[in-house]
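Two complexes follow with subunit A in common, the first pairing it with subunit B and the second with subunit C.
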Partner chain A sequence: MTSAARHAPTRSAATAGRRFGLTFNGRLMAPGVVILGALSFFPLAALIAMSFSRVRLLGGVRLEWAGLDNWERAFSDPELWRSWGLTILWFTTTLGVEMVLGVAVAVALSRLVRARGVVLALVLLPMFAAPAIVGLLGRYLVDPTFGLYAWMLQGAGLDGDILGDPVTAFVAVALMDVWEWTPLVALITLAGLSGVNPSVLEAAALDGADQWTTFWHVVLPSIQGILLVALLIRSMDAVRYFDVITVTTNGGPADATKIIPLRLYEAAFRFFDLGYAAVIGLMMLVLTIAIARLFVRILSGKGARP
Partner chain B sequence: MPPAPAPPPFTRRRFLGLGGLGLGAAMLAGCSSPAAAPPPAPTPGEDLWRRFAGTTINFISENTAPTAAIAANLGPFAELTGVTVDIVTLELQSLVQRVALDMAGGQAQYDVVYADPYQVLAPYRKGLVDLRTLVDDPQYPPLDQPVEDFIPTQLRAAGTFGTDGALYALPYDAPTMIWQYRIDVFEKYRDRMARDLGFDPAPGPDSTWEQYHRTAAWINEHVSEVPYGTGHQAKQHDSLMCDFSNVLWSYGGDYFADGAGVGLTGSDDPGPCLLASEEAVEAAEFYNDLVGIAHPGSRGWDWDGVGAALRAGEVAMAPNWHEYAAANEEALPGLIGYAPMPRGPVRSANIYGGTGIGISATSEGARLGAAWLFVHWATSQATQLSNLESSVGGGTPTRRSVYEMPEVEAATSRPSDLPNMLTADAVTAAWEPDRIGLRPKIPMWNECDTAVFTELSRMLAGRQSPRAAMERSANRIDQIVSRGWVA
Partner chain C sequence: MSATTTRPPLRGRASAAPSRPRGPAGAQNGRAKRVVGRALLALLLAVFLLWTVVPLAWMLLGSFKSAVDVTSSTPKLLFEPTLDNYVGLFTGANNLLPYLWHSVAASVASAVLATVLGTLAGYGLARTRGRRKDALSFWFISTRMAPIAAVVLPLFLMFRLAGLIDTIPGLVLAYLSFNLPFAIWIMSAFFERIPSSLEEAAHVSGCTRWQTFWYVALPLSRSGLVTTGVLCLVFSWNDYAFATVVSGPDSQTLPIAATQLVTQTGVDWGQLTAIGTIVVLPMVLVGLAVRKWLVTGLTLGAVTGE
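Here is the complex of A and B:
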């Protein structure tokens, strides 16, 4: 076989690649990108089609054109907007508490000299529980008949059902989320802390900076990038939070915990109003993309800084 | 000559614009199912019960007492027919979801379906087989008792929709909400209560909601054996609508005009909602006051929660489904009594929660035949008696002939081997036409139900007045009904 014959397929592939404007790297990545694209694009296309349709189920799924009906309903539905407001409150509350607590726990762990491994393992334990189990655990602990926390609160004179009151129910499910996911923030932060340049810390100490000043002006700026990663991961989760609320309150009482993912589930899989659910799903998608782009832009800015 | 212009690049935007939407719609529209094949015909002289031996079918059911009993006692059916039945039990909402998706998929993963009349039968009846075609088919064994043996109200409420004459399900269970109370508490304090309150507090057919309220408040203050007089299933859940409906109907309110007809026969277009009526508002005001003096856990309990609370000695009385009697008797033997729900200004109303079992229209061939044999067997007189005797379940028979059996009649008083039958007097009274409470059998009830219990939950949380709760419920239901139903 001649050298030209051996190289013919390569030249042909290269020609095809050039035709589609693909570089060598692009050609290597193409199969994966095509599969990923298919997996993302087809459901998105179906979702958009459904949002303009009434969806029939019996005898096979069929779409009937409904124009902008579902979109009009969504934009004029006060219950849906109430859920959006609640979702934003949920998002800021849980994320804020988890970030502050996670950083505090990470700093405390980084200063541990003895038994750090054991303490770290204990701190990380909640993260390994399935969210549904966390919900069940929480529900049993606050049950007014036999719950340990409820019993302790009753002993302190605080009667009533924690999951039966709108405010305490919201706080309770938020705390369950905080309990489970603060360890993740702590773990990521701990990784960031280990990368802080010791010579900078030493210089700060020589300049007479106290611990708080060092943390605020030296450590925190050094780990901002990795904190944004933690924020990005948790924010994506917070927008589609579902399990714990479903197991504990199912959105109640008085819709006090019915954040958008629950309303989406309700529309799609309880009422089978799939066209309307598609609109809610697309709204969630837009919000998620907006949050992700915001954080990635901030993250890129930090990365570009010398 | 200038070069020909290059074709526009194939951008994401162009791709989406050209084919995406059409592709998505085509992909969804392609999920249709072929027509179901009939079961194979029997050979001459073949045992009609064993026609489908070797077949395996799936039964999906809510996790209720009769299904627990049947699941524990499938041996006789397997011996009789050679058919294997795999049972999936779920919480009702999950069941409805699975059934709807199964019917949409057209593959009949579930052959036999627990067809809740309000959440499965009404919206998805077109996905169920008309059982009359099988009842009258000589290729199947005849029913040991005729269809007319089923309690007539339950046969219509749980098995039919509209006036098309089709029978979509055979009544399978019959939970009905009744008044459950601690006998020992009432025996001990009856005289004191009567003296203080000015009426006989013993639960009975003539007791009123007003008396129930005052009795509960009295127990809160004077009884040390139980912390609270009453408990309610007032969680933001289907249970809250059920609990409230008893009061609503007893005060003369209703969801729609001809409420009894809409509940019994069903309707796709029930007309305007009546929840904003003065009777409904009065009922909501009373219910709000009642839950206000109930165990604080009430706002977080569904039917399981309030049942557990009664058995744990947290409350002295509660309205709940009668099928909890077996569990009550196990936890507090001889200590729980049963009566029809109290009367309001108009009547006593006991919400009916019975369900039938039907066959998915996508089931075909031998599986369709085997599914009918199972439905036949599971609703037969012998199986219903066997369920009653089960140590793991405790059925709620739907055939009149079962209640007339000597051993069943004997079990209606203590000591009883069939603890669910201890409720027989109460539920028999509850099923009388002027006492039974039937929620609207409309295809969009699931969403209407959610609107009602959400607004009630807001009321109980103090976020709106009873009047506002009723007016908002009526408004939301009207909007839901006006959109119609697409299945």
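Here is the complex of A and C:
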């Protein structure tokens, strides 16, 4: 919120109207703000309270003060830190592949002269699929006895249960995420590419730059704002989503895919250790708020608009 | 970001790139390179298209296969199509109709509520200035991006206290926790794009603030309204993480039904691919219908489409 000061001088001519308008704006926002307040401040307060308590569910919900117990356990739990490590690995691999592949696909799409609309529509399809269904479909495709992809891999000499081995299971669930979300990166990048000034490209061509040089030194710098937006949007969702893993490996085999959200669900809804889960939840929240701040700062620094 | 987007053409850097011979031979070399580059991009796009479409096509085909064909150890492209899977889903002991109803009721109700409240609040936010706007914006965006796992945990506790577990209103409220901030943020982005001269003209000719909103701003943001509604619908329809925690036998949705088919002894992959098709197809249709504004919607207004 350091950007607040920057907006201050934008007060324009209609100041008198604004003074009335503020209450009008307030009234318009009131219903949404009240509901959202109930849905965000109460949970946050509850989450903080839970993190310092032992939560009993039987015979009515009760919180018993436990001091720093949950926090101490969380920070000294090597399993949890291993999960954070996995989360970072998951984060960087899926995001890395999605960004590179998405940009490449966007460049290819932008060169397409005919049937671009149809091809783009087909490319976008995975984005609309429910992540839980994506996970189940992935299971169907890599099933060792009748999976289409497993069958193709067996043809290439790779057999064995893909979701049964720690390494291939991790690769498989990461690829399912890549399958679903690369189209989003491509879509965002495509919007950026269509905003690159053609005269700049002409100038580069006149200077004798080949296509790769042009892309690397002219196109990429001019869409870097948009790429950053894509990266932030994806990184926020990467912390949010975990449906795919839940329905495919559920963290296994041997915890090889147990990223942080799964650890939280397990603690909360399998072991009913809700206080401990609340600590994990707060850790995740801090991370996303950091990303959100970055996002807002970039937006108010005005515009990744092409 | 404007610094990067308006950077002058990189003449200096481009000509500093390894200079190629400019003679006829060089031109030919350049053309050959360009042809190869174009071919590579086309190949990439073709492979990517296969990669995105094949799983969905395989799911669609599977839903029309008999129990034997769907788990055949060598994948079958030619088979006798049957409607058994769909018929089985809607007759049998485990009828899908209640799940379908829960899904439709919860996601439509939450999408409509979020869009209406989000439109009002979004307009208020778009016309607010200064420190208050920044604070509100940051709050909205961080609620939207809050990790599901961290939100669902205290919601579970609160819903238990309030008796909202396993009810459709509970599900609607849970979905509002991510749809409402999304709708506010995105509608405000759409409202910000309306030229202020239009609203000033309405103001000068004697319209009240409400009339300006209703007769000028709202009609101009019809596309934003539709996009917001559709995306909210997609998000809540596709949800698995909230439904798995706050829903029960009387409110379980389609993605939950799909995962339940797996945990029972022996998976009926024919029915599973059929449910998958039922879940994915409607969202693909409505999603592609708002394709033009998808970039704006999915980047929370940070990127403007064509």
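The rule is simple: the second predicted complex is superposed on the first by the 251 of 306 C-alpha atoms of A that agree within 3 Å, B and C clash if a C-alpha of one lies under 4 Å from a C-alpha of the other, contacts with A are read in each partner's own complex, and residues count from 1 in each chain.
Keep in mind that, in the parts below, contacts are C-beta pairs under 8 Å (C-beta built on N, C-alpha and C of every residue); 3 or more make two chains touch, one makes a residue touch a chain.
Keep in mind the model is a prediction, meaning the values are calculated, not measured.
When the two complexes are overlaid on their common chain A, residue A:Phe146 makes contact with subunit B and with subunit C alike. Once the two complexes are laid over each other on the shared chain, residue contacts for A:Leu57 go to subunit B and to subunit C alike. Look at A:Ile291: by the touch rule set out above, it reaches subunit C but stays clear of subunit B.
Counting the residues of subunit A that each partner touches, subunit B and subunit C differ, and the larger count belongs to C. Once chain A of one complex is fitted onto chain A of the other, the partner contacts of A:Gly26 are limited to subunit C, with no touch recorded for subunit B. With both structures placed on the common chain, the touch criterion links A:Asp210 to subunit C but leaves subunit B unconnected.
In the overlay built on the shared chain, the residue A:Pro166 is in contact with subunit B alone; subunit C does not reach it. Contact with both subunit B and subunit C is seen for A:Phe269 once the two complexes are overlaid on the shared chain. Contacts of A:Phe42 after superposition on the shared chain: both subunit B and subunit C are touched.
Touched by subunit B in one complex and by subunit C in the other are residues 42, 44, 46-47, 50, 55, 57, 61, 145-146, 269 of subunit A.
Within the complex formed with subunit A, the residues of subunit B that make contact are 16, 20-21, 23-25, 27-33, 93, 96-97, 100-101, 103-104, 106, 123-124, 126-127, 235-237, 295-300, 305, 308-309, 312, 314, 444, 446-447, 450, 454, 457-458, 460-461, 463, 486-487. Within the complex, the subunit A residues that touch subunit B are 41-42, 44-50, 53-64, 143-146, 159-166, 249-256, 266, 269-273.
Those residues of subunit C that touch subunit A in the shared complex are 1-2, 4-5, 7, 9-11, 13-15, 17, 19-20, 22, 30, 33-34, 37-38, 41-42, 44-45, 48-49, 51-56, 58-59, 62, 70-75, 117-118, 120-121, 123-125, 127-131, 133-143, 145-151, 153-158, 160-161, 173, 176-177, 180-181, 184, 200, 203, 209-210, 213, 234, 237-241, 244-245, 254-255, 258-259, 262, 269, 272-273, 275-276, 279-280, 283-284, 287-288, 291, 294-295, 298-300, 302-306.
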